[in-house]
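You will see chain A twice below: alongside chain B first, and alongside chain C after that.
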Partner chain A sequence: MKKIIFFIYVSLFILNWGKAWSLIEVDITRGNLNPLPLAVSPLSVDQNSKEKFKDLLKLDDIGAEISKVVENNLRQSGLFNPLDPKAFLQKPDIAHVKPRFEDWALIKAQALITGEVKIVDKKLRVEFRLWDILAGKEIMALAFTTVSENWRRVGHIITDKVYQRLTGEKGYFDTRIIYVAEEGLKTSRIKKLAIMDQDGFNTKYLTLGNELVLTPRFNPTNQMVTYLSYFKNLPRVYLLDIETGIQEVVGDFPGMTFAPRFSPDGKKIIMSFAKDGNSDIYTMDLESREVEKITNHPSIDTSPSYSPDGKYICFNSDRSGYQQIYVMRSDGSKVKRISFGNGLYGTPVWSPRGDLIAFTKLHKGKFYIGVMRTDGTGERLLTENYYQEAPSWSPNGRVLIFYRETKSDSAGKGFTAKLWSIDLTGYNERMVKTETDASDPSWSSLLTD
Partner chain B sequence: MTNNIIISSALHLLLIIITALSLPFLAKKPIDLPPIISIELIQITDKTSIPYAPKAKKIIEEIKKKEKEKLVSEQAPPKKVKKEKPDAIPLPDQQKNIVKKPEEEKQNPEKIDDEIKQVSEFEKKELFDPNNIAALIDKSKEETAEVVKSDNKVTQSQRKSVISSGLTLNEEDALKAQIFGCWSIPLGLPYNEDLLVRIKLNLKPDGSIINSEILDHARMNKPGQGFYKVLAESALRAIRLCQPLRVPTTGYERWKEIQLNFDAREMLQG
Partner chain C sequence: MSLDKILRNTLLVISASILLSACAVKTTGKMQGDVYTGKDTVEYLASGVPDRVFFATNETVLTTASRETLRKQASWLRKNSKINVVLEGHADERGTREYNLALGERRANSAKDYLMTYGISGNRISVISYGKERPVDSGSNPLAWSKNRRSVTVKAN
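Let's turn to the complex of A and B:
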């Protein structure tokens, strides 16, 4: 009996003890979305290398120039707030070796990028480090060597690595954008294919402007582009090898042909064209040149886009009476309508992450760029304007680039077309710098993985 | 007649040559684009040029051998600091013994370089660490806090929530609001994955942090757990940025140990 009482007593004591010392738990489910303050210290360059770079590239301080590229990229992303270099207390060369964390914390930096550029065997060697100021430690250190003409890409690669380390997803900075460069009055536009870095630098024109070009699209390996051009008023689908400049005709297609796009493996092109008066979706095998009909419906089916795994295709169709977005298996089976909102939906594009579909929506005379989940739920309209369309995803599926036009008068004056980007939050909307007016952008995948 | 044919042929030939040279689609000139050059990135962490005291490396190696499972404490435990005379500057070697141990094991046991760098940083911190001075002052605070506690009147409703969560609703809200402001959520994280970071804190009476410990620390360096690592680091940054935390002025025993569960899914889902 005594034993039982003793046992109960001990049990109660243990239970009570446990209660008295239970750990307080607090759930933190919200945070801020303010851009992270960080410092991009100019990359240090020794005097000898500085002189050599000056001869080679005509740049006074290549270290500072590369840092500006990084700073600009990070600011454009909307997720980071690069601090003013005038506030930096430590010299770049010393900061790269041993940062005084107290000094950087003083200017409210939470992360610091330092680096060093040298010339080694006529090549540019870069070393950079990312520091966590609050933890007081280095969290990434990488080095690479490249040709000195590539110096802007060096900045983009550094940004990609920093972005990935701090946000958890891959970056999108070492990428290119292909688009249609436009000049002249609206009534007599000259359109050329153009390619540039994602930040608007290094623009090159790929065609001369004597033919109308439309809808250029990158293939997954970046080296090839498919686009539509009119030859003797007949639409032709072209393949262009960016590295060699050689282009070839994939085929002449009857009637209206729209928006050729590569499959994720780059082996096929998917597009829509009108045959026997009816517009359907077709694929063409680039090796065998065999054409396969994917949809077979009396309605107008256009703008096909593959899911990143190649198993599904989204497209738009007016089979319900109004233009809406549909999803089907890549063999054309199991067609399912996914958009049910008011207005017309077009140009669906599957996100590289596979979770969302971007689209253009026309409702009450306004154009919207929006996203929805692949089952049609969670529709979010990111931006509204007089005329805008053709969204294209950044390779990490966080940012969309599209083009926006302004009204012109009856003589075609006052008309502009510009590229814009917006991220998935809908807050970070920016105009993308281009040399001329621009439309139909397509974003490449990362040049360096 | 023959002459005419020759002249005509020559002119035709000339015309063809001019056409071939002038028409761009026949010329097929390569486009002047900078080539896409593949770039190989090299990890240079192990070649870091950061100087360190040679003795520090030995000590770290010793520590590594001895302890393999201890977790993070970002700051020196106050007790050890208290023993030192404030005006006696400790030697770097001694410092390492005190500070280094808890630091190293938790985060990157395999990365020697980071550890070496940290040693030199901590050496520096130890020479003049405002937190440690605070710890000395806090000792007295702690004692007075206990006295005040007995005098403090707690309402019945407050008592109820204290029993259930350990903090009153007001206290919990104040703490949450403070950390919400400090936590920059990494927006690239996937919202549909199990990403919950639990951090246990040991606090001083003034709310500053004695040490912090990631409860699933083993996950930090596992391959394929990059997202977890990014989230955990952002949570640690938030805690450091926020300290001293807004803790109640009384009842130190109750909240001297506290667990924060960081969960970004709600925010990431938009």
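Let's turn to the complex of A and C:
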């Protein structure tokens, strides 16, 4: 558990950053209609380094493995179409020094990623370059060093840099997902907290499944998680330090606390507290332990989520008679309903860009994941299904991850719970690979920024 | 209004209600509206004292049948003054997880409030919500959901 957050020793030297201009443009407003064809050449490795990495990591060809991480990330984004490496004409080591642009243009690549991996003092040193094939020039070059166990993260960091250079937006690949891993019968489901890389690798289980756990969420530095646990059959909000494994109850409430999230500065936890049939929203300051009541209404007030500047809170309330989405100032004043469409609305989550709120909608027996502006206008439904809920934003506000359940018979046959992601445009809907059934995903921020 | 017309109207009403009830029996089996009225999942705290009450979708209001069940529980609790209970509130799977936790809590509390009006001390009753986490019927159909929208009274000692 100690090693879950690896600290990456990155020494970035940016060789040619931002100076060059490019002919390549990726249209990110329309999703994957026209993914950009590009070539990810396997990173070249000298024989000596190759042998040493084989001993250290049990990988035959670390260069090819890192390239596969990059290639898979780019394909999953829906914005890029990585070409089949079998079609590549140039050797990786030569391509990295001086690509023959005609060869790459021949296979219709518009961009090329090349690189080199070396072992330096038992550490992994990577250098990579991004080339614009049509313009015939290098548009980015970068090198960094890290502990060799972090080799997959190297692939994620390369993807983030390439993504940012080609789309103009920050990436979301060097990130993790915390979620609830599920097993067993629907009537007595076993649930554990689990954490994995954004691409489904390096899964670690943080609890043993002895008690029911729900709705984990990261703090802004990704070192802490707040979640609901039924430890000793008392449903309470907990705080978990991922590195040390130390858990503690948040606050001293004489009843159920649930639906926790961190404030954007990480100093407070906002959550619901239910007593005598009424749920209101509270905050607790993690340093002073001071508790503040934010809503005071006889209805159910839950699922609070801060705006990125911390000035507002969106939440779910049935004060109108049914579940709807409301926005208020962070002190609880100026409460305003923002959802007015047909159906019920739940799980509002403020986008990290600040301009949108994602939500779950239930209408005529179908569940939708959608987004609306923070004043409630511009509602867009991205996906419809039998059951799905709980969207969480990628750190760049571009992709939503949520979970989806399938129908089952009375014996539970047919039931599955899986994570899915979808682009903000409504394109590129994909199942996210998990070792077990999964629910309640929450996306971390970028691990290296 | 002629007698004939009154008769005809009455007949209409009667035939309509026959139709309706036939319809209700046919399509929903053990439900009234969408509240479960069957006995499949019910257990007994003592002879003649059912352990659970059922709710309509998104509702926390007690039905006439639920109030009758709770009155039986109250009189059993009065006779057994050393027994404490936990009321476990549940929701069906057709709602968001967090809202359902609150809904389950509200359902258990409406049962608690009713027991208290029949003289049972609040100190003897604790409440826990499981939201949609512990269904009794795994089915994805209205009848299964109706069995799952419930508050169950469980002995705590």
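Convention: the second predicted complex is superposed on the first by the 408 of 449 C-alpha atoms of A that agree within 3 Å, B and C clash if a C-alpha of one lies under 4 Å from a C-alpha of the other, contacts with A are read in each partner's own complex, and residues count from 1 in each chain.
We take it that a contact is a pair of C-beta atoms (placed from the backbone, for glycine too) under 8 Å apart; a residue touches a chain by one contact, two chains touch by 3 or more.
Keep in mind it's a predicted model, so treat the numbers as computed, not measured.
Superposition of the two structures on chain A shows chain C fitting alongside chain B with no clash. Contacts of A:258 after superposition on the shared chain: chain C is touched, whereas chain B is not. When the two structures are aligned on the shared chain, A:190 is found in touch with neither chain B nor chain C. A count of residues in chain A touched by chain B and by chain C gives the higher number to B. Once the two complexes are overlaid on the shared chain, A:142 sits against chain B while remaining clear of chain C. By the touch criterion defined above, A:274 reaches chain C but does not reach chain B. With both structures placed on the common chain, the touch criterion links A:97 to chain B but leaves chain C unconnected.
By the touch criterion defined above, A:405 reaches chain C but does not reach chain B. Looking at the shared chain after the overlay, A:107 reaches neither chain B nor chain C. In the superposition on chain A, A:335 makes contact with neither chain B nor chain C. Of all C-alpha pairs spanning chain B and chain C in the superposed arrangement, the closest lie 23 Å apart. Residue ranges of chain A in contact with chain B, taken from their complex: 22-34, 36, 79, 97-98, 101, 110, 127, 132, 134-147, 149-150, 153, 157, 161, 163-169, 195, 202, 204, 206, 208, 222-223, 242-246, 380, 396, 398, 424-425, 447-448.
Interface of chain C with chain A (complex): residues 58, 60, 93-99, 101-103, 105-106, 108-110, 113, 127-129, 133-140, 144. If you check the complex, the residues on chain B that touch chain A are 24, 28-45, 48-51, 74, 113-114, 117-118, 120-122, 125, 165-167, 172, 175-176, 179-189, 200, 226-227, 230-231, 233-238, 240-241, 254-255, 257-267, 270. Across the interface of their complex, chain C is touched by residues 185-189, 212, 214-215, 228, 233-235, 255-256, 258-259, 272, 274, 276-279, 300, 302-303, 316, 318, 322-323, 344, 346-347, 360, 362, 365, 386-387, 389-390, 405, 407-412, 414-415, 439-440 of chain A.
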